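What follows is subunit A paired twice: with subunit B in the first complex and subunit C in the second.
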Partner chain A sequence: MTTTEAPVFSLPKIKNWLPAYGVYVAILLLVLYNVLFTENFLAWSNIRIQLIQVAPIVIVALGMALVIGTEGIDLSVGSVMALAAAFIPLYLGYGVLAAIIVSLIAGVVVGLINGVLVAKVGLQPIVATLALFVGGRGLAIVISGGQLKDVRNEDFIYLGSGDFLRLPVLVWIAALLVLVIAFVVRRTVFGRRLLAIGGNRPASELAGLPVQRVLITVYIVCSVLASIAGILAVARIQSSDASAVGLLIELSAITAVVVGGTPLTGGKVRVLGTVAGALLMQLVIATMIKHNLQPSTTEMVQAVIILVAVYVARERRSR
Partner chain B sequence: MSQQVVTGPEVPAAVVQADLRRAERTDRIVGTIQRQGALAVLIVIVIIAAASFPNFRSYDNAATILIAAAPPMLIALGMTFVIITGGIDLSVGSLYVLGGVVSAYASQWGLIAAFIAPLLVCGTIGLINGLLIAYTRMAPFIVTLAALLGARGLMRAISSEGSETYLVKSSAFRSFGNGSWLDIGYPVWLVAVLVLLGILLLARTRFGHAVYAVGGSQDAASLMGIAVRRTQVTVYIMSGLLAGLAGAINAAKLGSGVTVLGSGMELDAIAAVVIGGTLLTGGAGTVAGTIAGVLLLGVIQNMINQIGNVQSNWQQVISGAFLAVVVVAQTYLARMRRVT
Partner chain C sequence: MTLLEVVGVSKVFPGVRALDDVSFTLAPGEVHALVGENGAGKSTLIKVLTGVYQPDGGELRYQEEPTKFDSPMDAQRAGISTIYQEVNLIPLMSVAHNLFLGREPRTAFGLLDEQRMNREAAEILSRYGVTADVRRQLGTMALGAQQMVALARAVMIDAKVVIMDEPTSSLEPREVETLFGVIRDLHAQGIGIIYVSHRLDELYQICDAVTILRDGQVVHTGKLADLERIKLVSLMLGRDMSAVRREGFTGFSGQMTGDAEAPPVLRVTDLNSRRKLHDISFDVRPGEVVGLGGLLGAGRSETIKAIGGAYPLDSGDVQVDGKDLKRPTTVAAVKAGIAVQPEDRKAEGIVAGLSVRENIALAVLPKMARFGLVSDRKIDKIVDKYMKRLQIKASSPNQRVGDLSGGNQQKVLLARLLATDPKVLLLDEPTRGIDVGAKAEVQSLIDELASEGLGVVLVSSDAEELIEGADRVVVLRDGVVVGILTDTRVTTEALLETIASSGGHRDDH
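Here is the complex of A and B:
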């Protein structure tokens, strides 16, 4: 290397590079640490458990990433999971497919309400989805009669506990959804419109984009993904408890999206970053549990990670 | 509602005048509904409840509602200031729980410590929130989300991972929570005084004006020479302090620091503030509206308890539906004012 070349690790370069790829570096370091210092970290059974635990968060976070890409937020995802879970035992008698379809329809309805409130009525996303956050879980508990219901249907349980090509079906579904959403964001007109609206809504309106339709679709997609996560959660734990399914998942999902480098200001969606964000948080929790650290410490570390991620990713404003 | 103001050579000036006056009146009425809507609904619901449930009319029941509303009222008071500056504070639910645990723990050193300790801890977290939001320009939503997790972790750390419930040792502190003066509980008096101070602070002081100005436009406020950052830091400290105090009051009432996770208090507070007519976009809102919003949610809960055989889960459904109706109505009212 000659002295005339610019240094490879100049400060401004790192500043630009860190927000985009910092999360991958963090995962790499954490994995390295675990390989060296954690017993049985590379055991297949451990990797399996980590993947199964992270799958529902990834699925919900994908939808959240799309909503955040439009400069919105969806607080109702946990309630949607509970609603989807509440419908499963009620309709399983009509067949697995019927139960899943009914649960998905519940997701569509919630998403439609959120979307209409945001796009047509013009409410702030946080308030619009707050209403269903409050009401949705209550409704789910009312529907399920406030009881935990066991689910014994073999075909249905396969979704949550079965294997396909040595990997859990749950993980396959999550991976498939990641690919679909990544394709939609990068390669479709809908994806382009979504990013345009998130970047500058008035300009998109003036450019003649169907802003309302795109926004409503985004909220529906987010809710449907949440209800898929709810269905899979029921299939995994083999029972439906509307008061527990998806509790506080909105926080995990938002964290995954933000840590993955998607700005809250909209106009940008990092799909793979979101997956990495969810994996990172999962790894952090797993590492601390393996080293006998208390949940209290884990939570405080999570708080610091969120702050650092957002601080690093914060767009330098021209002001 | 929007009256077409017809102008033209053949229309007498008096008619135009009358039309203008009518438009002005509509504007005023709509504005009043927007500001006092929660109060109006509260009055209607109280009348309905009093007519349908004999137990609702009793003095004891009114006292129950007020005592139950005391902690949420304090949290919503702080939230009102934060939201008017255009921010949001998601950490108050965790701070409320943390404040309760700290207060119960500190009560072994007496009444004063039981108040000072939670204020110190929660005020510090509020200060950190405010500094991060004001000086790094990170989104309030994210900063206070992290504080929610951090405060919850802290609460678990001092309570042996949530397994240890500290009992309130100071009998003076316990009697503060359960005693009363003139048949009204001490906590209600304390909250009433603080809410009154809040009203005066927001409406009558330089600081209050700064809060509105920052929420209206940070850039304009800073050009006007308002200390934007100091105002922001102050409102988050206030929010933290009030959440901690609410936790202390709850600990005094229950006689212990209960270590529940995810109290959901922050979202109840936001709902109450929004129902009270404060706009989440910042720059507009009143403490009086927030009082009505908190009482409204409290009365709805009380009514559902009165019905008894209805599942308590309906309360969430009704609160959620109510929130949706109120915010949608508010948006349309705001739009109507702009048209006229």
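Here is the complex of A and C:
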């Protein structure tokens, strides 16, 4: 894939360029393939379905990208989705807004716990969030009484199943959140501090940054985004099942972040890359399904993509 | 006969000619000093010698045979060992394990022969002045001892050439003596040594020959004894010799700037921290540079960090401008006007992955922002100001700090501190590991800042720097203030006397 006659395509340049933009190339190639070989790929209904399916992953992955940018990881996002989902049918009687607010508060609480464990107690993020990864879903099942509950509130369902300007509301919300997070990372004091802390925590401390506060906030933001995804998941499938909502989404989210070129070593966050990472994985799965490949094959292909992404992204140590 | 020879080697990176027709020879048993400012090409040359880089032109000859090293492993197998500034060992493994890593002695069953390994390790290390238990985790030992382990490891691999890159930068005088003893041994065994250091005293003490690089070219090579010190410095800097004489070796003016009448800007009272600091008290007046003297491990860095809120205190008081901080946190300390430049620039100072711009603005983001949104215009202004004032050399404000030279990284760090408008500047080894030119610049900057009314606390293991830079020196030993040198007593002799007179050798932890 390299051409040697033009210096523009020199190998070192490609090596620098690939981790950041490889994901876009991969998407382009995959789209091209599908346009040529998959029936009805460009049909509006198909694109709609793909977007609806990818939206929750994108939302969760945004929070994950921030956490990973601080050299952390949040395994509890799936459980947070379940918790948020469990509260919806309980409080929908008090109105849509009340139910949403309660679910969001659940997210804030989980994020606060994660953040305090990581920032103040000093647990490693993978251990700290493992606690709520396990416990959170258990609690959600207890809260929901272990049953699948149908949700029939029209206004609420509009969030997950309605359209606005011909696009699903769900997709609008995800897109809006992408813009917000991209803006936060690029333009706010919080975003800059987050990157500095991920890049070098002792240095950030000595520079007088409120490291603990920033870290706690990051985990809260991540959990709140996960609750939003949980709320939207309930609104889409029109029922709440705490044992199924958000199952294994932490893996999809981490994959999206990594494939999108955000290094696990912290100090850098690629918001658009993360979106592209989620889209790429979605496209891969869709392509496989359309061509009647076994789910097991799909999983193996996903694994290969993750390995390739991590391989090209590994930073070359200079000096 | 020559052991290692470099003939007309060039190395080109995009935009820079890092080595330009460099030739140099190393004889067996020779201790050869390799000197030059950062960016002169020393590191590149070392990397060419050790197979990290391939030369773009010229030839390497090893034991009089043309050679090519494809990888660092290749060079090591041939007998070229390198000891880097940062110790490259595994902190969580035991000393003995580190020493034998990859060459562990085995029992008849192919299992690890731990006993033999520990016994041999203790034996080998005692020759390097390391007497600690070899079963201890390496990371719990003093940096100096770690470096000795690294050296012992390098020599063990049947090295014929040992390259030492700033080996003494983290050693205390006693350890330096041990190192020199080891170097003399190696010399007697006919091992060739390439010795890179910024410390002139050491070079003249231990090296036979010298090669001076400047801007990728060899500007001088020959016997070191024939080269006057001042000539060496001027060759290195490319500066006029008379200017060096006039300005002295350091960039300090030597003028006192402190106002004896002014109330102290920093007052430290009875700092105590478990086993490390005991009742440390001293004052700093505006415009005064107070040196903290003492050996490695005397508690200088801990004192500085404690004042900056980054080291736990059991009791004690820190006052800035008469305002009590009690037990400072880093956030409170910065807010009160304390700026700390830590000793370990890479680990605790710069954020290597971020740009020069982000690094400088890091501590003052709220001031650069409105409603939490940062203003690029405000940041550009402040970044521009400090890049000019400190003469930071970067291709643009957006360059990664990790890609800058050590001196420029240090300046970026200082710029970040100054941007916070501090009242007190705490500097821990501000010129360590940076080139001579940048060193003088940093030193004169310290002078300048003091004359503008800042209180400065200076820690330096370079006695010359401490004495010329400080108006007063507080001498520490084992976490206790053992003396304060003032006025005419601020001399190297008095400093050494105070450190030595306070009785006995300190225990190694």
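Going forward, the second predicted complex is superposed on the first by the 312 of 319 C-alpha atoms of A that agree within 3 Å, B and C clash if a C-alpha of one lies under 4 Å from a C-alpha of the other, contacts with A are read in each partner's own complex, and residues count from 1 in each chain.
Assume contacts are C-beta pairs under 8 Å (C-beta built on N, C-alpha and C of every residue); 3 or more make two chains touch, one makes a residue touch a chain.
This structure is a prediction, so every number in the text was calculated from the model and none was measured.
Visitor: Overlay done on subunit A, so just call it for subunit B and subunit C: clash or fit.
Guide: clash
Visitor: Counting touched residues of subunit A, say whether subunit B or subunit C comes out ahead.
Guide: Higher number of touched subunit A residues: B.
Visitor: I'd like to know which partner A:V134 touches here: subunit B for first, subunit C for second, both or neither.
Guide: first
Visitor: With the two structures laid over each other on chain A, which partner does A:N40 touch: subunit B (first), subunit C (second), both, or neither?
Guide: neither
Visitor: Of the partners subunit B and subunit C, which touch A:Y311 in the superposed model: first, second, both, neither?
Guide: After superposing on A, A:Y311 lies in contact with subunit B but is clear of subunit C.
Visitor: Scan A:L209 for contacts with subunit B and subunit C and give back first, second, both or neither.
Guide: In the superposed model, A:L209 contacts subunit C only, not subunit B.
Visitor: Of the partners subunit B and subunit C, which touch A:K268 in the superposed model: first, second, both, neither?
Guide: second
Visitor: If you stack the two complexes on chain A, which partner ends up touching A:G146: first (subunit B), second (subunit C), both, or neither?
Guide: Once the two structures are laid over each other on A, A:G146 reaches subunit B alone.
Visitor: Could you name the one stretch of subunit B listed in 116-124, 170-178 or 224-232 that collides with subunit C in the superposition?
Guide: The listed stretch with clashing C-alpha atoms is 224-232.
Visitor: Return the residues of subunit A at which the contacts from subunit B and from subunit C coincide.
Guide: Looking at subunit A, the two contact sets are disjoint.
Visitor: Can you list the subunit A residues touching subunit B in their complex?
Guide: 73, 75, 117, 121-124, 126-128, 130-139, 141-142, 146, 247-248, 251, 254-255, 258, 264-265, 294-300, 302-304, 306-307, 310-311, 314, 317
Visitor: Would you pull the subunit B residues touching subunit A in the complex into a rising list?
Guide: Contact set of subunit B toward subunit A: 88, 132, 136-139, 141-143, 145-150, 152-157, 161, 262, 267, 270-271, 274, 280-281, 311, 313-321, 323-324, 327-328, 331-332, 335.
Visitor: In the complex of these two chains, what residues of subunit A are touching subunit C?
Guide: Touching subunit C: residues 187-190, 192-193, 195-196, 199-200, 202-210, 267-268, 318-319 of subunit A.
Visitor: Where on subunit C does subunit A make contact in their complex?
Guide: Checking each residue of subunit C against subunit A gives 43, 308, 310, 330-331, 333-335, 340, 342, 347-354, 358, 361-363, 365-366, 368-369, 372-374, 403, 416, 420.
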